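Before anything else, here's the structure in question.
For reference, chains read A, B, C, D, E and F in written order, and residue numbers begin at 1 within each chain.
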Amino acid sequence: MKLRIIPIAAALLVLPRLVYAGEATTINSGDTAWMLISTALVTLMTPGLALFYGGMVRRKNVLGTIMHSLIMLFMVSVIWVLWGYTLSFGPDKGGIIGGPEWFGLNGVGQEPSPFAPTVPHLLFMMFQGTFAVITPALITGAFAERMKFSALIFFSILWVTFVYSPLCHWVWGGGWMSKTLGTLDFAGGIVVHLSSAVAAFAAILMIGKRRGYGREPMLPHDLPMTVLGLALLWFGWFGFNAGSALTSGGLASVAFVTTNTSAGAAAMSWMVIEWMQKGKPTALGAVSGAVAGLAGITPAAGFVSPLSSIVIGTIAGLLCYVGVNMKSTFGYDDSLDVIGIHGVSGTWGTLAVGLFASAAINPAGKDGLFHGNTSLFATQGLSVLTAFVFVFAATFIILKLVDWIVGLRVKDGEEFIGLDQSLHGESAYMQ
Amino acid sequence: MKLRIIPIAAALLVLPRLVYAGEATTINSGDTAWMLISTALVTLMTPGLALFYGGMVRRKNVLGTIMHSLIMLFMVSVIWVLWGYTLSFGPDKGGIIGGPEWFGLNGVGQEPSPFAPTVPHLLFMMFQGTFAVITPALITGAFAERMKFSALIFFSILWVTFVYSPLCHWVWGGGWMSKTLGTLDFAGGIVVHLSSAVAAFAAILMIGKRRGYGREPMLPHDLPMTVLGLALLWFGWFGFNAGSALTSGGLASVAFVTTNTSAGAAAMSWMVIEWMQKGKPTALGAVSGAVAGLAGITPAAGFVSPLSSIVIGTIAGLLCYVGVNMKSTFGYDDSLDVIGIHGVSGTWGTLAVGLFASAAINPAGKDGLFHGNTSLFATQGLSVLTAFVFVFAATFIILKLVDWIVGLRVKDGEEFIGLDQSLHGESAYMQ
Amino acid sequence: MKLRIIPIAAALLVLPRLVYAGEATTINSGDTAWMLISTALVTLMTPGLALFYGGMVRRKNVLGTIMHSLIMLFMVSVIWVLWGYTLSFGPDKGGIIGGPEWFGLNGVGQEPSPFAPTVPHLLFMMFQGTFAVITPALITGAFAERMKFSALIFFSILWVTFVYSPLCHWVWGGGWMSKTLGTLDFAGGIVVHLSSAVAAFAAILMIGKRRGYGREPMLPHDLPMTVLGLALLWFGWFGFNAGSALTSGGLASVAFVTTNTSAGAAAMSWMVIEWMQKGKPTALGAVSGAVAGLAGITPAAGFVSPLSSIVIGTIAGLLCYVGVNMKSTFGYDDSLDVIGIHGVSGTWGTLAVGLFASAAINPAGKDGLFHGNTSLFATQGLSVLTAFVFVFAATFIILKLVDWIVGLRVKDGEEFIGLDQSLHGESAYMQ
Amino acid sequence: MKKIEAIIKPFKLDDVKKALNELGVQGMTVTEVKGFGRQKGHIEFYRGVEYDINFVPKMKIEIVVPDQLAEQTVSVIREKAKTGEIGDGKIFVYPVENIIRIRTGESGEAAI
Amino acid sequence: MKKIEAIIKPFKLDDVKKALNELGVQGMTVTEVKGFGRQKGHIEFYRGVEYDINFVPKMKIEIVVPDQLAEQTVSVIREKAKTGEIGDGKIFVYPVENIIRIRTGESGEAAI
Amino acid sequence: MKKIEAIIKPFKLDDVKKALNELGVQGMTVTEVKGFGRQKGHIEFYRGVEYDINFVPKMKIEIVVPDQLAEQTVSVIREKAKTGEIGDGKIFVYPVENIIRIRTGESGEAAI
C-alpha cells in the first residue's frame, strides 16, 4: 500500500501529514467533513452546468440541453460505483489501467483511503465520482441542440469507460503519467477540461453544424439562467479545487484563494477586452470569463501563489475570448464553446503549472520555470500533447461506433421542432 | 443521561465513538463542522422544494405554491425553538412524547448533545428543526393550487405539534417505536416521507379536486425551475441523509454514497420504463425518479451497502412511476404527487431496510432479511402500518377542525384567478 | 502577536480556545473545514443577491442589475488580495488603518491566522474578502436601473478602498472602534449593512429618481427569481454569521440558531402586519421580511440567545416594513429598498446588541441592558452614529469625484431602452 | 367572406373552440391580448406600495368564414363565451376581400 | 363603425389610453407585437458574435368606435403617441360590419 | 390600400421578410399567435399523463400596402412561406380605409 502512495503523492497531494505514518491510518473528522461537503459541492456543479448551458440555447431545446448534463449525474453515478472507480483507481496494471479488483466497490469501505489516508475510502471514491460525472457533461455543450438522446447515452457509457477512466488512472490513479512522466494536474486541467474539450472537438467534426447555423440567429433564451448556472459552478468549484487537497488545512486554503482570485481576474479581463473591442461589456462575456478563470486555475490551484493566480486568470480570460472567436474564423459549430473555453483554458492552465508552480506553496509539487526549473514546463507540454492524441483518437472511434449503431444526430424535423418536444415530449414553459 | 442514550442508539446512530465514554463528552470540531453544514444543506431543501413544486403548477399559482413551502421555513423555525424540539426530544414521558422541560430551549446550550455527544446540543436541535420544517412543506404538493393560506397556517401549526412531534419522538426521540418496537429509520422514511404522504392522502380526501381537474390541462409552467428545485434538493439531501450520521466519518460517507447512487439509479429506472411505455424519456420523469430514489434510500441510507442502494433506487423509480399513475386509475387529485412519490418510496425504503440492512455496515443497525434476520422486516412493516394509522387519523381530525374554523379551500373565483393574485395580491411575472 | 489578539478578542470572538495558548498555534482541521465552507457560502451570497435584486427590476434591466453585483465578486476578489486585506487587517497604524505590509498577501500564508489561530491565515483573509465583496453589492440596489456601469466600477474601487477598508479595520481589524470604544459587531451590522445603506442614502441624493418614478409602475419582473435569491442568501448567511465564530463549535451553533430563528420571526412579522394593513400577505413581503431578520440578527448573532433572536427578528420585520414605506412618505427613489431594509435592520440589530447581549452566551462579548449593563447600549449607539457620519461623508465625496470624471447616470434614452441593451448590448430573454 | 374577431375570457377558449369545431369551423387563430374596458383590473402590492393593474388578460380569436356561416359562428361564440358577468367581451365582424391557402394556392372560399 | 388600429411605441401606451378615456372611448384591446419598418433594431453581442436584432417592440392598440368618433380618436392617438422621432408608428382605419357584446347580445353601436 | 394578413410557420418569417423588403415593402408588424387548423398539435407527457397540445405556434404578419402592390405581396408571401406541407397557413386580404403616420401626420398611401 505504502509503495503505491509515495509515487503518486505529487498528483494526489496527500500532504506533509503523510509523513507521520502512524497518524495517517486514522480518519480525521475535520478532513472528512471538508471532503464530504466538497463532494456535495462538486455534485451540485453538474446541475449548475445544466442551467449554465440551458440558458444559452434556444427555448425549444432547453430541457434537451439540461438532460444532457443530468443524465451524467444519473448514469455515471451508478457506473462509477460499478466499474468506473476500479478502472481508474483500482490496483494498477502496468501503469495503464486500474484492475477489476474493486468492481462494485468490493473492498472499498469506511477504512482510510489509500489515496487520502485521513478520509474514508468510500468518500474518496465518491469525490472522484463527481469528476467522472461532470467531465462528459462538459462535452455536451459542443453538440447541443442536435444530438440524439440514445446516442448520447451510448457515447457516455463508452467514453467514461474507455477514455475518462484510463486518463484518470494515468494522472491520478497511479498510472504512467504521474509516475513516469511526472505530470502535475491538481484538480483536472488535463483529466477534466482538456479531455472534455478534445472530445468535443472530435464530436463536432463528426456531427456537423446545427441547421441554419450562421444564417439564423441562435441566441441564448434566458441569460439569468446562465448566470445562475455560473453561480452554482463557482460555488461548487471550491469543492472541486480546494477539495482536491483531500485534507482540510493550508493547502485547501491556498487552492480556495487561487480559485476565487483567478475567476475574478479572468472575468475582468474578458470584460475589459470585450469593452475595448465591441464597445460594451456583456454579462454573458463576464460569466464566460469567470468560467475561463475557474477552468484555467484548476490544474494549478494547489501549486501556485495567489499573485500567480491573478496572472493565470487574467491570461485565461484573454485567451478564451480569442478562443471563442476562433469559431467564426474556422467556421465550426461548437454550440456552447467547449473548445474555446475549456480547451483553451485547460491547456493554458496545465502549461501555467510549468511556469508558476512553487514547491514552497506545495512540497508535494515542484518548481516551475519562474522558480528556476525548466523541466516541469516540458513535462506539462508533453502531457497536454499525449492527452490530446489519446482522447481525440479514442473519442473518434467511440463516436464512429455509436453513429454506426444508433446514429448521432436527430432528424431534421426533430431538430427544427426542438429537442424538448421531439425527444422528450415536453415543453419547458407554458403560456 | 447514559441510560437514555443506549436504547435509542439504533435510531440515532451515535456510532462506535460512543463506546469511548470519556471522549464522548467533548465537542469534536470536525463532527460539528459537518453538522453545521448539514443543517445548512437541509435548510436549503425547503426553498428547493418551493421551486421544485413551483415549476410544476400553473403560472397563476406559482407564488402561492412557493409560499406554501416558505411559510414552513419561516414559521416552523420559530415553533421548533419554542415547543417543537422539547415535544420531540425533551425528556421522555412514557414513550409517547417529550416533556416540556426544554420549552424555549431552556437548558439546551453549547454543551454536547445527549443525542450526538460530539456536537453542541443547540446544533443537534437545529439539525432536527430542519426536518420539522420540510415535512409539512412536502404535504403541500397534494393540495397545491386550491388551499386557503390561513387554513394552511393553522393546519401546519397543529400538524407539527400534534403529528410530527410525537411521531418524531417515537422514532428518534427515545419513544416507544425505537425503544420497544426496534424500528430503524435512518433519516426519515417514516418520520418525513411516509408521514407527509399519509397527511397528503387525508388532505386530498377532505379538500377535493381542483376546478376543471381532468378536463383542462394543468401543465407545469416552468420545468427548468423544477430542475433547479431538484438540484437544490439533491444537494441538500446529502445533509439530510449523510448528516443523519451525526458525525463526520465512515458512516456519513456510506450514507452519502448510498444517497447519490440510489438517486441516480432511480432516475434511470423511471426514464427507462417511461421510454419503453410512452416512447419518450421526459425531463420531469427523470427528476421525479431522482426524488423517488432520494426518498427511497432515506430510511436505509446508513444501514445498507452501495450495491444494495442501486437495487433500492431502481425499484423506487419503478414503483413511483406506477405510483403516480395510480392517480389516473383512482381519479383523485394529488396535484404534485405527494402520495405517488413520497408515500410510495417512503414505504418502500422503510421496508427495504428490513431486507437489505447489514450490521456490518452499521453496528448500531441490524441485519435484514437478506442477511439472515427475518424479524426486522416484520418490525419495519408494523412501523409503517402504525405510522399510517396514527398520521391519517390525527391529520384527519386536524383538517376537520381547520375546515370548521376557517375553511380549507379558496372560493371558486379565487381559484380561477389564481392564488398569486387572489391570496397574495401579486403577479409572479410581469410582461 | 499575542498583544494584538487580546484587545480585539471581543470583536473577533476567538473563543475560550484561545486560552490554551499552546494549542492555539496549530491549525485545527475541523475549524478549517467549517471556515472553508463558510467562505464558500458567503461567496454564493453575492450571486444570490444578484438574483434577489434582478427579479425585482423591470425586464429590461435584469442583466444590468445582476452585473452590479457580479462585478463586485469579480473585481473586489482581486482588489482584496492586492490591497484590501492589508488595509483592513494589516498591522495597525494608529487605530485608523492597516499598514501596507501585507500588500499582495505578502506574508499571508498557510500558517495560523493572527485573528483566528486555528485556521490558516490565507483562509481568514478569504473569509473576510467575501464580506468586502457583498457590501458594495448591497449598495447597488439603491440606484438600480439608472447607474452608469463605468461609474459603478470607479465608485466601487474607491469605496472599497476608502470606506469599507478603514471601517472594517476599526471594527474587526484591531482599529479604534473595537479597541477604544468597545463596539460589538458580530458579523457586520455596522460594517456591512449599515455602511451599505448609508452609502445608498448618499448615492440616492446624488443620482436622483428613475425616469417616470411615481408615474409609471415599476414592478418586479420575476418574483420567483427573487425567491431563489432569498434562498441562496439565507443559505449563505449561515456562513456569514455562524462562520463569524471563526471556529466550529458551540459559538458557531449559537449564531446558526439565532440566524435562522430571527429570519423566520421577521418574515412572519412582516407578513402579519402586511396582512393586517393591506389585507393580503405577499411573497415579496415575506422574503423582504426574511432579509430584514437576517440583517437584523447579523451584529448580534453570536452574542444573544435564541429566545432573544425571536424578539430581535420580530421587531426587525416590523421596523423594515415601516422602513420601506418611508420611501413613499419622503418621496426618494431607493429602487430596491437598501435603506428601508439594510439600513433599518442594521441599525436596529446593532442597538439590539446593546440590549440583548449576554456574556453567558459568549464570554468574549459583554452583557447588554437587559442583563444589567447600561454602557454597552451607549457604545453601540455611538458606533452607529460615528459610522453614519464617516460613511456618508466619504461616500459623498467619492460620488462627487466619480460624477465629475465619468458621470453617474446613464442618458435618458439609455435608461428608457433599459440597461441590458444600452450598456451591455444583450437581451436577458429571447422570445 | 367575413372575419369574425372575438375578445373573450381566456378560460372560455376551450368551450368556444369545441363548439365551433362542431359547427364545422376548422381553423382559427388565437392571440393573447390585454383588454381594457368596463371590467376593471385589480390591485397588487409590492413592498407596501399599491399598484392598480388596469388591464385584464383576454384571448382574441380570429376566424374567417364564408358569408353563410358568419351568423351562426357569431351566435355560437356568443353562447359559449357568455358568463353573464361584465368583461365577457365583444365580437367584431369585418369584411374580407380574399383569402389564399399558402400550401395549395387556392383562393376564395375554397381556401378557408 | 370603424376599427382604429394603432402601432405605437410601448411607453406611450399609458398616455394614449388616458387621453382616449377622456374622449369617452371606454374599451380597447392591446397586443404586444414586433415592428419592422424604417426604425431599425440594434446590435447585440453574444460571446464575440454580433447579431442584428432587426425588429422593434411595439404595442398594437385596437379600438372599435362609432363612425362619428373615428376622426377624433385618430387625432388623439396621433397627438399622444407622437415623439417626432422615427418609429412613432402608424394608425390604420378599417371598416367594421358589426359588433356584438357577448354579455348582453346587444349589437351595432349599442354594443361598443 | 389593402391589409395583407398572413399566418405562416414561424421559421419562414425571415425568408418572407427578406423577399418583401426586396419587393419594396418596408414596414410590417408581426405577432406570435396560436394556430388551430388541419395541422394538428402533438402529444406531451407529464408524469405519465398524456396531454394533447392541440395548437401550433404560428406567426401573423400584417402589412398594409397600396392597392397596386397587393397582388404581388400576396404572391411573394405564398411563394416564400410555402413548404407544401399541411399547416403552411393562410393569407387574408382586407380593405383599409385610411392610414396615418403618427410622426408626420401624413395620411393615405403617403403614410405607408
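The rule is simple: a contact is a pair of C-beta atoms (placed from the backbone, for glycine too) under 8 Å apart; a residue touches a chain by one contact, two chains touch by 3 or more.
Values in this document were obtained by computation on a predicted structure and should not be read as measured data.
Least step count on the touch graph, chain C to chain F: 2.
Identification of common neighbours of chain A and chain D yields B, C, E, F.
Both copies, chain D and chain E, contribute mostly unmatched positions to the interface they share, with under half of the numbers common to the two. Chain pairs B-D and D-F differ in how many C-beta pairs are in contact, and the one with more is D-F.
Once the centre of each chain is set as its mean CA position, chain C and chain D turn out to be 53 Å apart.
Averaging Cα coordinates per chain places chain A and chain C 33 Å apart. One finds 18 Å separating the Cα centroids of chain E and chain F. Of all residues in chain C, those that touch two or more other chains are 28-31, 33-34, 37, 219-220, 222, 228, 248, 278, 280, 282, 284, 425-427, 431. Counting partner chains per residue, chain F has residues 31-32, 44-46, 53, 94-95 touching two or more of them. The list of touching chain pairs reads A-B, A-C, A-E, A-F, B-C, B-D, B-F, C-D, C-E, D-E, D-F, E-F. Within the complex formed with chain C, the residues of chain B that make contact are 27-34, 36-37, 39-40, 43-44, 47-48, 50-51, 54, 62-63, 66-67, 70-71, 73-78, 81-82, 104-105, 109-111, 120, 122-123, 125-126, 129, 149, 222, 225, 228, 232, 248, 420, 423-431.
The part of chain B that touches chain F in the complex is made up of residues 217, 219-220, 274, 278, 280, 282, 284-285, 288, 321, 324-325, 327-328, 337, 340. Listed in rising order, the residues of chain F touching chain D in the complex are 2, 6-8, 31-38, 55, 58, 60, 74, 77-78, 81-95.
Of all the residues in chain A, the ones that touch chain C in their complex are 28-31, 33-34, 37, 41, 58-59, 219-224, 227-228, 230-231, 234-235, 238-239, 242, 247-254, 256-257, 260-261, 263-265, 267-268, 271, 278-284, 286-287, 290, 305-307, 310.
The part of chain E that touches chain A in the complex is made up of residues 44-51, 53.
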